[in-house]
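The structures considered in this document are given below.
Consider the two complexes below, in which chain A is the common component and chain B and chain C are the respective partners.
Coming up: the complex of A and B.
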């Protein structure tokens, strides 16, 4: 299948990229790894006259720990770079594990974190993780910058809060610290997952002080299940299993699943429960590790 | 407001299997198109055309990519390797030998992709478990062999010290 003709622009600054996007309203889009964009263009699902390559813009690159301990991941970082980053491995082992299981090695080598989030595909594993982790995204244009929660950024299936002339600059994950753990579990029968669940647990004085649970793939769009996290709060060692049982019930109730090739809506609710138990257990183990 | 636009052409300078290549291409040309149509390197196959099957796997600076959905301009200034670049002066690599020995192909349509994905793995990691091989080849589909001989061949090549 040939990709319809387009013009390629390779700006080296956010302002330049943003101006290009504004110069051709409706005809220009950012282009990163192209794993989603080129596929939709091949299939004729979208057509653009101008592709604005964002991979040469230094402000979108790199992984670094910032003052305060937040981990900054630039938008053009590939899945493979995250998977292989020592910083990510040390601070967020669950994210490393997640990235290792995204798609296949070829998609991981070219696909970027920014492209994944901006496409807002319902089957985004990183979105589930970043929702549970309480991550923030930074957007930039020729006008300036703004920052918002991942939760506010992902506005619906294939839909984000990004303006057409804005670029996603980076994602920032709150500090890893003693007493905090992250967990992730997914099940995939085909290339894209059937369901994935991410969890962040904070433990203080032997009890769960805060818990956040997010689900992707099984539902229309990645979501944070706020009530589900709350059911875990207060649980400690001996009653953890009961609390998990209640969280699983709450998640199966609150998640809005649907029928598709991966299975029925009921089946996916069942999966979400199983995956939640696995993700929460590993988050709790990490949080309580000495 | 119909507007006639001149077709954009861009320079592609890279190496393919160690040889310098300089071409003027359209940005929309995929790496698979350029390899097969412009350079006559038809060892790279296109099957699903959707980044799923791995038949089109080539190495870009040593890393596997789907040439079916990668713009060829992404190879600018970089090293591309295809199945044609594996054998040296007619002698096969230990991996290729192992594929023959283990009957790791039947129709052969997946083979160049399998070889390239496995070559990247073997160049990075000397000691491989069966699980390592399965993980690395997860995105390469074979309709004929049932995979076991392929994994066996890669493990044998690792043993032989590819």
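Coming up: the complex of A and C.
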């Protein structure tokens, strides 16, 4: 495989990067880890004459807890950095577990969270997690900044709400707190996962007060299954198992799966149910842990 | 190096030489039989090893290929004007530019144009080549070539290709070539039948007429890719009236012969050089991109390198997919009465080596059993898919999956232990499997016992299932091999032979044989191989033949060198007696010992000169009978099945390497471990998938999954050394056998663990899940 020729730009500010993207309409693209982009270019599926390397922009880097307890992860943070972050490990152990299973160590060392989200790959486990977690993304350009839900940002398979001259600045995850738990489960038989399910559960006074369920890989695009989360609300201790059964049925009904090398749509619906049970159980356990 | 790390079957090492050959029983001279480190290990792990892609030449150009987007189409026109005018492009080459080249090659059936000639027969077939100053320029120019295609109806499934109205790939049959290696005429019962082989004896109707139990089924083995880390790479240069090609090829002499024919050159004017090779597994046997690379160099008038990507390599050669329909008849005591089978191979767009794979699949379907009546018809069928060819195991994985599945199915029906059923049918040592074949050179009953002991047969943990399966391959190909052993005036040795080191360890093992035979330190043996202008002929590196057959040729060459040296010693050092006595590493005359270097120096009269020992091997003497040897497989497996997801977990694999004599036990074990893991890949995950339009859906390493280390179970490789092979010190080939029984062993073990019978590999989670659901609905 040969990568087509391109010019590499290395801006150091969001404004400078945005200006470059605007200068070469249709010919320029932001470039971070390149694990998806360069592969796509090598395969001849995309070609760009200008790559705008965003890794030297300080505003896009770092992991930090913000006032109010929101966890901010800069767009150019690599999967490996998230996997090894003590902050992430403390506050979102399910995200660390997820990141530890992303692709392979070479991809994790290079690939970034921002790149992963902007590529909107259907098999994005981080997207599923962030959807369930209710995370928000910030976008910036020479014009200014805006913030939106991950759900609104991922517009479809390989398609986001990012304007061509915008950069994804960071992702912000709502605060971890007592009574809240996150869970994640996936099955991978080949390089890309067959199905992944993420879940966030809030427990109040012994009952599930809120539940969010997201699926990736099995469907065309990472998706939040809102009705499925609702079937869990109100469940407590003894009837949790029944509620889980109902949620599994709802998930299998609501998820729009498709046939591919991982298996048929039917089989993937079956897997989504299994994974939902596992992810919701671990989220509930975390939420109810003293 | 710790020899005790290597677990050999000491208790059974009873040295059962079939004909009581005393020489075969004597302990081999060191370093033969020792687990010495790989000769090429350090160079490979440090990056010092140079592969074809690392080589360069003054004025070297780089090539890229334009490939067909259609599975089957007429090429109406190709306009290369814009590409040729692109700055940096040296030449653009299509079939029309090669009137002086014999375009069609093929060692079995000559049907393969080196570049599409008016028609494309699979998506991905090369249509044009661009030679440029650099790869990026060549890639850019590809987009400037305009090809007009007229699409034709296509067929990707072998059964569909045999339908009366199926699209025909080859309007006329390809020319049969002398190297075809199989005896049949190409039967054109249907124009898409590339070859038809039959293996038959006994009265099949009578056998089934008196059967107590008949098992019947159809078994599917996947279309697989023999992933080698190094994709096909070649570099060609015409100079001084000749052609030199550096290539990652297993059989340099076969490639030389095809190149000579394509370019109308005498064999002596074609030089094929094989440097380090990054894995072969059969996929680099015979000719691949060498004629095309040379044609590009011819038109460019410059040296050219063509280095394929993995994606392109998958489009170049794959393994034959097989549908094996078979029924086996047993009497009430479990003796096999007869086996009746039809093998249909999906062999892709060109014959490559599939006719021989079809032949061998037919030979190997009987397994290592005594079968009074057998009838196997085996077809290699053309389809509009990437061409299939040799693949480690060579028809045996496909055949053994069917045959060994049926042994366990029959055992269940007969109420017999699966190993006991096998014991009742195994060939005895010395017993030929079919008329005129060499007598069986192994004791598989003893191997079964070994595997059973190591696996803990009959003591599977709750929820687990176990199985042990065996295979037999008529191996070794043709015993046509030469070797040269040169002893220099300092006593060091150069070993020259045409065997290719493809990672299997021949550079180490063959040097060990030469060192042992000449009685010199291994460090003083230098190995030179796979350069058709520098070393002498070897037919091929395949069929697990190198240690056995090249080993014999090296023994002969060493004997020839020693005989000459003894004569020289007598003539020069003791013309009037006493008689020279040969000793390890030299000669003794009276009470004085002279090493080989001293003999050379004495004969030439100064510190110079050398002796050249020659070894020839052909169908004669010990290697008169065919096959030269049988390669055995014996694999035990322990599995469990996740009932919810259908994921099979392989917990343990036991392999018995029945290699007669392990010249290097460490390498012999590594070959078995590698082969078993490769078998695991195809049993569990590997399968190339085509869509209806004839496009390969997963022709890349993201979607086509070869095993990772995390997929590898606990491996227990054992060696059985009974000195019962035809090779040096009773050696016989290994390295493929442990692959062959894996799929059947997993299927049989899964049957015991979960009560489902899998007849279609790979055993993907979904296939297993569906079988579990079907079981539950019964």
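In this text, the second predicted complex is superposed on the first by the 290 of 290 C-alpha atoms of A that agree within 3 Å, B and C clash if a C-alpha of one lies under 4 Å from a C-alpha of the other, contacts with A are read in each partner's own complex, and residues count from 1 in each chain.
Rule of thumb we're sticking to: a contact is a pair of C-beta atoms (placed from the backbone, for glycine too) under 8 Å apart; a residue touches a chain by one contact, two chains touch by 3 or more.
Quick caveat, the model's predicted, so the values are computed rather than measured.
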**OP:** Determine, under the contact definition given at the top, whether A:35 touches first (chain B), second (chain C), both, or neither.
**Re:** first
Original post:
Thinking of the overlay built on chain A, is A:274 touched by chain B (first), by chain C (second), by both, or by neither?
Top reply: second
Original post:
Which of the two partners, first being chain B and second being chain C, lies in contact with A:24: first, second, both, or neither?
Top reply: neither
**OP:** Classify the contacts of A:2 with the two partner chains as first (chain B alone), second (chain C alone), both, or neither.
**Re:** both
**OP:** Considering only the touch criterion stated at the top, classify A:187 as touching first (chain B), second (chain C), both, or neither.
**Re:** second
**OP:** For A:70, decide between first (touching chain B), second (touching chain C), both and neither.
**Re:** neither
Original post:
Does chain B (first) or chain C (second) touch A:109, or do both, or does neither?
Top reply: first
Subject >> Which of chain B and chain C A:264 touches, first, second, both or neither >> reply: second
**OP:** State whether chain B or chain C is in contact with more residues of chain A in the superposed arrangement.
**Re:** B
Original post:
Overlap of the chain B and chain C footprints on chain A, residue-wise?
Top reply: 1-2, 4-5, 191
Subject >> Touch list for chain A against partner chain B, complex >> reply: 1-8, 34-35, 38-39, 42, 51, 80, 100, 103-107, 109-110, 191
**OP:** Please give the residue numbers of chain C that touch chain A in the complex, ascending.
**Re:** 64, 135-136, 138-140, 309, 311, 644-645, 647, 685, 689, 697-698, 700-703, 705, 764-766, 769-770
Original post:
Can you list the chain B residues touching chain A in their complex?
Top reply: 5, 7-8, 10, 26-28, 30, 33, 49-52, 54, 57, 60, 63-66, 69-71, 73-74, 117, 120, 135-136, 138-140
Subject >> Partner chain C, residues of chain A touching it in the complex >> reply: 1-2, 4-5, 43, 187, 189-192, 194, 261, 263-264, 267, 270-271, 274
